[in-house]
Amino acid sequence: MRKVFAFLVVGSLLFAACAEDNPTIGGTGGTATGGTGSTTPATAADCAAADADAFKSSGTLTIGTGNPAFPPWWEGGTSDGSEFEFNDPAKGEGYEGAVAAEVATRMGFSFPDQVTFVPVSFNKSFAPGPKDFDFVLQQISYKPERDDAVDFSDSYYNVNQALVSAEGTSVADATTIADLKDAKLGAPIGTTSLDVITQQIQPTQDPAVYDDLAQAVTDLQNGDIDGIVVDLPTAFFMAAVQIKHGIVVGQFGAESDEYFAMAFETGSPLVQCVNLALAEMKADGTLDAIEQQWLADKTNAPVLD
Amino acid sequence: MIGGGGSPEKYQTLPGGSYTPPNGDRGSKILAPLKAEGARGVTIAVASTVVVFGLLVFAILNSSGWPQIKEAFFDPEVFWDSLGKIMARFGRNVFIFVVAEVFVLILALIIAVTRSLRGPVFTPLRILAAAYTDLFRAVPTILVILLFGFGAPALQIKGVPHSDLFWAIVALVLVYSAYVAEVYRAGIQSVHPSQVASARALGLSRGKTMRFVVVPQAVRRVLPPLLNDFIGLQKDSALIAVLGYTEALREAQIISAANFDFTPFVALALIYIVITIPEARFVDWLVARDQRRLQAVGGV
Amino acid sequence: MAPAAALRIEDLHKSFDQLEVLRGIDLEVDEHEVVGLIGASGSGKSTLLRCINLLEPVNAGRVFIEGDEITARGVDVNRIRQRVGIVFQAFNLFPHMSVLRNVTLGPIEALGASKADAEALATDLLERFGLADKRDDYPDRLSGGQQQRVAIVRALAMKPDVMLLDEVTSALDPELVAEVLNVIRELAAGGMTMVIATHEMGFARDIAHRICFLDEGVILEEGTPEQIFSQPRQERTQRFLESIIEAGRM
């Protein structure tokens, strides 16, 4: 008798899980159709005006990013009244800060008065359901597998992964990937840095995967790991500031096609507007200038192959 | 030659008049009314179950967010892709909680018995045992793991292991022994004082009384709470992830982050359910078997 | 020279916190003598028995077993208890052990007997008292009367000098009482020195050589069963016996 009931309960739940979908709303991929007009807007500002009611909070651009806001992506220090630690994104400083400010301005929002920053944890950025932000900007890499859960903008930064370590470790003098085979490496969770270890380097020891970089640094200083893989600009920051006698050992694959993109709710019409802004910034050199300003000294590292 | 006493089927009347059948029904009470009501009761029960769960399922399936939830939490492709990898990593969790549990059961018993020691000369030991349980129940488990996992290697003392696995197991053992010691203590205190008196009256020392009479009964009496703590330990084995060690939950997180999908967590949850339910039934069986013996013999 | 009494109690006092339960007990029990302890609940019967084998510490007074003072300092309490068998009213047997193991635990762990010897003795005793077929059963399978009989066997397996029985039939169903009383009768017939606290007046009258009436912490009256039951001297004894008769227990 108990079995009958167990079957009934489990059966109805399984049935629910496997039942036919209702058709999903919204499309996939980077371009979304939307907006009220039938003509494609020419500028980011036009686009934003046409989709004025698609914004979370009308008249304001709501941008999500991680808290704490780490350099060199965000700079300028904290502000009273802001819940962000390390740096206040509203200052528009740091690479992502500057990109955010520029994109907002081109969409017709005055920065920072008409822009609100909200802290968004990594998992929240792709959780299903309506979002608290218009888009998220926190060193998220585009990956095809991620495409179903969110809509991605075009690239705002082509990223290379790099290896950071300290003087005297077994990898400090590495020049090729083969030199890293026996090393114990670490990477932050949820990053393509981890993919580099498991897919490119493929060391004999399992990688150490950390919730946050501070713990990775502690293990590095303890000698429990030999090096950390992170994106190149972050590697420079860590070597300079967080790791004692830190060095950037090298970067991986100068021609990597990995890039950072903003993440939007699926079907958001705003993707198009942001892409227009990014296109403008690339065309007139603004994006390069931002990179020069904030990441100039953070791109020179020997290539490990 | 004395004749045999009452027949074995004779039920014992406990003082106070309560009645204990020789094979007490410790089974589920959920279905008990059914047995009483007969066929009609069964029909009503089945019908109402189908209606209630059917309504629930209907409500969920037709909520506006359901398609997204389904894709984010119940994606079949991600599920099958991640299941194998998560199960493989789960072997590490199993190692951790099995090894830890063995040490916990032993260390906790030592602490509980120490706390039960009488005699003024044992006062410092009793204080230590009490302080131990207070301390390790107070500090959050994740903190203990962090402190030991990052702190111990940082001391750079020669001979001190650096292994995450080692320190995570040490931390879990220390924390869970504190909880389980209290469970044992409750069990020890629940053994009727006349049992101790009977054993001492035979001339058994305090130590032997503990060993042969009190502890065996105490442990049998607290099997359900012991299982509770073991289940908690099984889940807390995931905390080793904060040290950078990739076990099942961390593996699920990695796959989840790579795919922007939560289905791997559902897969892990299923794995936990699949191992926990048989454990619970096994303990139920153990308890039912011993309850008969331990409870039926009280009053004479 | 007269042999030492099996049991001698001198001016025993026992208090629980502020309440003095035993107020000066003097008692001598000869070898092979059976002494019945009667008295109302709370009169101190159980406490007295528990003091004799030091389950309760004594506040003042002395106790001697076969001439050895057990209340002296530095005495090995466990050894004493091995010489005094006690059976309680309830919760006697160890429920997680078989009957056989219940009986052999004491001899093996306290007396150091070998397993073979202990089991041989246990089996012999169990047979003698009609419990042989229960040897491998657990206590939950036994009736109350059977459990108490096993409890007595368990105490006997220690080969005690004295047996103390503390109202061992009071918690039993009436129809199970007889079998236990028969066991005790047999022990008495075999010459075991016993102190029996009981409400079973008829039984006490039958087998006791001497009856002591315990009232408010002292032995108010003692004498042969005939003396006590037919011609009590003290008024309180009289009243106690009357209440017993009224309750139909005699």
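Should a chain be cited, it is by its letter among A, B and C, assigned in written order, with residues numbered from 1 in that chain.
Here, contacts are C-beta pairs under 8 Å (C-beta built on N, C-alpha and C of every residue); 3 or more make two chains touch, one makes a residue touch a chain.
Here the structure is a predicted model, which is why all the values come from computation and not from measurement.
Taken as a graph of touching chains, this assembly is arranged as a line, each chain contacting the next along an open chain of partners.
Averaging the CA coordinates per chain and comparing them to the mean over all protein CA atoms picks out B as nearest. Rounded to whole angstrom, the centroid-to-centroid distance between chain A and chain C, based on C-alpha atoms, equals 83 Å. Spacing of chain A relative to chain B, judged by their CA centroids, is 40 angstrom. Per-chain CA centroids place chain B at a distance of 43 Å from chain C. Counting only residues that touch two or more partner chains, chain C has none.
Residues of chain B that touch chain A in their complex: 28, 31, 34, 42, 46, 49-50, 53-54, 56-57, 60-61, 65-75, 150, 153-154, 156, 162, 164, 241-246, 250, 253-254, 256-262. Remark: chain C residues 50, 53, 55, 78-82, 84-86, 88-96, 105-106, 109-111, 129-130, 133, 138-149, 151, 154-155, 158, 171-173, 175-176, 179, 182-183, 186 touch chain B in the complex. For chain B in complex with chain C, the residues that touch the partner chain are 1-8, 10, 12-13, 15, 22, 192, 194-195, 197-205, 208, 212-213, 216-217, 220, 290, 292-300.
Residues of chain A touching chain B in their complex: 1-2, 4-5, 8-9, 12-13, 15-17, 19, 21-25, 122-123, 126-129, 143, 145-146, 148-150, 186, 189-191, 194-195, 206-211, 215-216, 218-219, 221-225, 266.
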